[in-house]
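Common to both upcoming complexes is subunit A, partnered first by subunit B, then by subunit C.
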Partner chain A sequence: MGSSARSGMDRALRPISVFLDKLITEAVPHTVSSDRALPVLAAIGVVLLFSTPLLIGLTGTIAPAFGLMPELAPGNGFAQLLEDPRFLPALKLTIKTGVIATLLVLLFTVLALVCLHKTAWWRWMLAALPPLLAIPHAALAVGLVFLVAPSGWIVRLFSPWLTSWDRPPSDWVVPDAGGWSLIAGLVMKEAPFLLLAAAAQLPRLNVDALLKIGLTLGYSPARCWSRLILPTMYPRIRLTLFVILAFNLSVVDMALLLGPGNPPTLSVLLLSYVNEPGFRAAASAGALILAVGMAVLFVVVMLLERLIARLANQRRESGHRGHGSGLFRQIGKYLVLALTLCSILTIVALLLWSFTQRWRFPSVLPDTFTSRHWLGRSDLLLDPLLATILFALFSSIATLVAAVVWLEAERLGAVKKIDWLWYVPLFIPQITLLFGWQAASLISATDGLWITVAYAHWVYTLPYVVLILAVAWRELDPNWNNAASVLGAGYWKVLFRIRLPLLIKPVLQAMAVAVAVSVAQYLPTALLGAGRHNTLAIEVVTSFGGVDRRVIATLAVLQSLLPLIVFSLALFIPAAMQQKQRS
Partner chain B sequence: MNALRIEQLTISLPHGVKLCDQLSFTIEPGRVLALMGPSGSGKSSILSWITGTLATEINATGKLWLGDVSLENVPTEKRRLGLMLQQDYLFPHMSVAQNLKFGLQSGDKAEREQKISESLSNAGLAALQNANPATLSGGQRSRVSLLRSLLSEPCALLLDEPFARLDSQLRQQIREFTWDACKELPVLLVTHDKADIPVHADVLELIDHYA
Partner chain C sequence: MNLFPETLRKCMLACALVTAILLPTQYLSAASVDDSWADIVKEARGQTVYFNAWGGSDRINAYLEWAGKQLKSEYGLTLTHVKIGDIAEVVGQLEAAKAVGRDIDGNVDLMWVNGENFAALKRNELLFGSFTQLLPNTAYVKQAPSITHDFSVPVEGLESPWGGAQLVFIYDSAVTETPPQSATELLEFVKEGGRFSYPAPPAFHGTTMVKQFLSELTADKAALANPVAEADFDAVTKPLWAYLDELHPMLWGKGESWSTSGEQTRQMLDDGEVDIAISFNPNEATAAVKSGQLADTVRTYTFSEGTIGNTHFVTIPYNAKAAAGAMVAANFLVSPEAQARKADPEFWGDPTVLDIDSVPADMQAKFNAIDIGVWALPLASGKTLSEPHASWAQALEAAWIERYGQ
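On to the complex of A and B.
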């Protein structure tokens, strides 16, 4: 890399040191006693490791967009972007798919709460959520195509007896030009996430008691939800909703599989720029526009929240009880169940295709089965599987260590809570951060290294692990520590023999989430791996459309199996340990 | 006002234990029936059955009447029963006045405002109309919670250990306030503290099914 690129980068990096300095000043108390020096240093290490690539990533995107790194990214990025006739349609499509999908996710969650809670289906629904959450985006997208394509399972179920189709119809294609397949995929993937976040709040909000009070005051169940429960629940799931909006606006792997090709979504268009010589500045400018657009949408949502809160406040005072229509709840219930069933069917469809030898249209089930895609294609499966496992293993262990270091420092009073920091990578489009990170890795000649990709996986899994673990870590009664300490146990003994065993359930759940997040990472592996690390996520996306449907299904099932196994272990191990202790 | 009547109520848990067997009683307007018994004797389950919010896995049979009207298949929101629980459950996203308005039936705005002002003044809470429930004391919260129930114009009042969370001094004050406020209604009081029971009340003692 030339000296001008380096000096541009140096100039651009100056604000980073200022920011890091401020961050550490905020997190660390002014006076640090000697016994807290080690936890403080370790916690600062975690913060630096986490925030440095974020800052470098942002800087590495902003600088080329404004022509500050001409050797790496020549030309005027914004001008290049505006000259491309695909840019504005891509931006429109991104806003359309992202906003509609997020609204539908919110609608699904509200419907599930209002129409299913307190019914026999509710437990079934809660049990179905974690496995659905564990399915990687790319695998779900492939399964959805197998379900809704003209030759997909849904058409087969109704053909020819209802449709009279002997051949797959040609009336529609998947992915469709309007982006509706992408919207469906995003809703199926993200709705369980929001519903699980909402369900976790129900006991904290005393929902059963609130419903009882509201009902005895004469309000219909739907009115109890809309006037009593949702207004208090929304602030608690708001951040999750924003994370979902950010994801839906910037998703790449699902958009590659389910989104239209011309125009594609903005993220996909920008990714294509990176591979075109001379378009790097345009890619950076576009990534910046995507981030700014996302921020504008956040502001719009916040303004809408205020408006809705004001209207709801006025309506609450009216005293109207509502009719308590059972029909509305029935319709809502069946809509929610139908969507959940579709998500489950995508996985069943993948599983069937992975064992299919021959499946002619319009047969509902394969004509003949085979295990050769599993046993006979080890050349295609083993390397990606191994690469995926290694990244997932590293991510889960390294993030757990980092999260424990941070939370312990926080518990000891060595550092203050800075939860906002962990949300940063979830709110900035991956493409915006990773373009810059890739530019920095090109300059420092670290692109393509295993550790660079693993580092990116660590950065994207750490927020989930810290935020999941923090709740249990902070709530654990300090008297457990005190009880062990007065018995003579030192710091490490208390940590490893008391705290961690007591928190084994959330620890394993956090590790399982880390595995699921790492297994699903497409863009960090694709951009920083320089094509040298073919994980299952990479294979599923790149093979789609070009490789045999049955082999893609096998790859997608394999990708889904990893998190499913780890989630099952996270449930099974604490239960087995408890049983052993009892016996 | 009408009497609240329960006939042959039997409640059994999924594993077969009967919380009550063929229980019958009538509460006339202006009367209080105190349901006493240790934890797990089924007091709160009886209350939940009356409100129609008993968990679906618990079996219950019996007849419930409000005057001549059977409440058997009437949804909770149409039963017109006031309920006060141990915790006051003032809605945290509403002010004191908004909590009370939530209890009021719909109607003319000015009339509703006047009702709120009057009931708050009568309860000695006039200054707290726009207060956030989180800033109220335990006694103030209890009074607002009771007012909210009464403003919904219930035909009977169900009280599930409503004084248990108050300190002893405040408890007596709120008891008097409560009995004074609902002297025309049939009242079912669930408690395990004999001091909660007003002198004119009838008492029904439940047994501990696990003893």
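On to the complex of A and C.
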């Protein structure tokens, strides 16, 4: 039986080689001079390492969905799926939460730009964003549940003195059946991401000049944004917006913690299938439907973009100046600040719970404190912490090496830019890729191995590292190189003594992002780890079922601390190095 | 060097296929059911036993950590607790492993199961074999129908008993004076503003709650002891659905949102979001009060006409890599020493499966010294209803999801 399953897999893998072949022909110039052989080889190694699991993963999902791997996944997956009364409601819920959350993220970003830019709050906001971005999804979700539940912190702050509630109200529950808790969590997690991406574009767009021109022509500041700045900015952040939409439609860990349970979102439903006897075909079919649905939504968004662009053009040409809508900007400002405050409160709530012995409704602060969750539970904290750090270390170093190899080959002209490739894992739902990867790892008996999980972390962190590093790598003045070479420095010396030190800031930032992404990975670790690699992300999600809120909070704080520390180091080290050079 | 892409094409194919082609190493596990205990203990030394067990309670996790240390020092084997959310996942993984021919060196050596999951493992021949007669400590195990039969399915030595359990309810006596004593009274209770939630099936506590309601409400109680296929499902369950239709709109979440686990209802009890928590451990309240998770005023009770009780077991999958080590671990878990610690709410508070009169006198004293506290319920102090046949769980879960899961 085993060998037939493998030959089925071999057959299914054949198209992969054809694709890889095309990919490489695209990236590698047709003639390769011999002094470039090494960089070409190394760069192709990176591309192969990166794209092979993507292709195997997709194949391992597509094949069972269409009944091509009957030993592993018997039955007609699509039929099984349609028979489940939960499927359609789950699909609807997924689209609803994903689309609304993405729209709200965009709205938040626009509001923050229009209402906060050029106010005293703007700098404060920019400083708050990176740490908020670093908070892992699971940790944020756990904190949010406690914040907004009927017995949660917000109600406690106002009870009973204002609300006269001696017991928690029973008017709403968290997580709610409509998916609004999940939407709130997604917005809190993703809005800083888009706003930071947008803020990074401001200097390039020469916003100050545009604002001045607009104001001189008599437009209100909000109109300056909507007519002048946003239309030029949107194309620069739309890829990020698409990444966010893809994430919102396929997220698993946050949906497990914040989403409705009955039915859950599609990805959570499918995750329960893949573990259920005889349901792998249905799981794979569902994962394909999710991927196709996502593609359809991308097209819808692109059509919407055109429509909006046309409307905006008409309005722009109308020349309406509008009155200074100061009130609108005030409201927008407070909305943005309130949401940011909520994010910060979730983290504070987690921190408090991690030091709580008893904290009953309606006390505003814990009734009794303890440090035993931190000091007395090394049995619970140390192993997951170590596992998390090892994956994060491996991811940040291995992705940095891979990214430098690729960008150097690109700089030397050995390979051409293929930026689209790095986006691929961000645009395919994680389950669509990982169900197949898991199937392949079962067949090849590589599931549960440390290196399998580490490999998956590498694949999911590399896109961020390459894309962050690429900007600085490509912009660095080639004269530095040339000057050093003229002085007789060899290639490696130039790389290690000139390029990398000059680029130390983006390099460390990219590594910090790698750590943050790796620390937050739940699904790859859960599906490929066979339960043997309990990182903090895994512990936070599984211990959520056991519900010792104090222990979960401690795990979540610990999980958040890692990226926060690394981001601080990424800021501190270059500054310290500069200081040292000056003195 | 124009041939570069050509050479690469071949490397590439090799690269792409390499993970798929790797074969599991082909050597046979040496343990078999004919070995003597001494041989098994000898073979177990140095083995790593992957124990797949629910990992949602950090007290249970801590207990297993302790068990691991004992096994290491006494038998030189490493017990690794693989924490999982639902053991049904592992049943699925074993089926997948069997489907792809991974018949040796499996990922799981020991697993914590009972009920429908055991029935599925037994039905699909995913079990190692009858092994409990080899374990010396089996001699201390109680002779009871709930131990020889797991949800009416004969155990036949395929799994080793680990602990007893009964559906119990926890309430706060400072908030609720007289908690409901039956399914019918529960309905009255929520009608009068009482707060209640049960986890949505197939969550374990939710399915058990539905079975409890069914056992109380159905006219044909005898049908539940036999496979569901032999019963008129619609007729037997009709009163159940009528009851749930009336109950659900008055629950926490109004029948649209559901709690996810029994443990969550305990947290909700402490938060005041519900008045009654559901547990399968008569001693859970004591543990929770002592660790600061419940108020001092909570009490545990069962319905006056009884609640569902059962036994949970550990078993060895057919493709276990360290079967000998798994047997040594199973034997240790059912030893008087391990069972006495497990029964103590200080550590876990899970009722023992041993016949306390049969264990050595010093261990008897240990059992008798356990103080379960006023918050808990002594085992067997409430009436016990037996579990419906294992096949009912899946049928009830599917019917429940069909009605309320969308």
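Everything below uses one rule, namely that the second predicted complex is superposed on the first by the 580 of 583 C-alpha atoms of A that agree within 3 Å, B and C clash if a C-alpha of one lies under 4 Å from a C-alpha of the other, contacts with A are read in each partner's own complex, and residues count from 1 in each chain.
What we mean here is this: contacts are C-beta pairs under 8 Å (C-beta built on N, C-alpha and C of every residue); 3 or more make two chains touch, one makes a residue touch a chain.
Fair warning: this is a prediction, and the values are worked out from it, not measured in the lab.
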item	value
Subunit B versus subunit C as contact partner of A:S318, first or second or both or neither	first
Which of subunit B and subunit C A:S220 touches, first, second, both or neither	first
Contacts of A:T232 with subunit B and subunit C, given as first, second, both or neither	first
Contacts of A:A120 with subunit B and subunit C, given as first, second, both or neither	first
Contacts of A:E408 with subunit B and subunit C, given as first, second, both or neither	neither
First, second, both or neither for A:K212, with subunit B first and subunit C second	first
First, second, both or neither for A:G448, with subunit B first and subunit C second	second
Contacts of A:L380 with subunit B and subunit C, given as first, second, both or neither	second
Chain touching more of subunit A, residue-wise (subunit B, subunit C)	C
In the complex, subunit B residues that touch subunit A	48, 51-53, 56, 75-83, 85, 87, 89, 91-94, 98, 101-107, 112, 148-149, 152, 154, 158
Subunit A residues touching subunit B - in the complex, by the definition given at the top	120, 206, 209-221, 227-228, 231-232, 313, 316-321, 324
For the subunit C and subunit A complex, residues of the former touching the latter	1-2, 4-5, 8-9, 11-13, 15-17, 19-24, 50, 52, 55-58, 61-62, 65, 80, 82-86, 88-89, 91-93, 95-97, 99-103, 105, 107, 120, 124, 195, 200, 252-253, 256-258, 260-261, 263-264, 266-268, 270-273, 291-293, 295, 401-402, 404-406
Subunit A - residues contacting subunit C, complex	1-3, 5-6, 9-10, 13, 16-17, 20-21, 24-25, 28, 30-34, 37, 40, 44, 48, 52-53, 55-56, 71-72, 74, 85-86, 88-89, 149-151, 167-168, 170, 173, 175-177, 260-263, 274-280, 357-358, 360-361, 368, 370, 377, 379-380, 440-448, 530-532, 534, 542-543, 545-549, 551
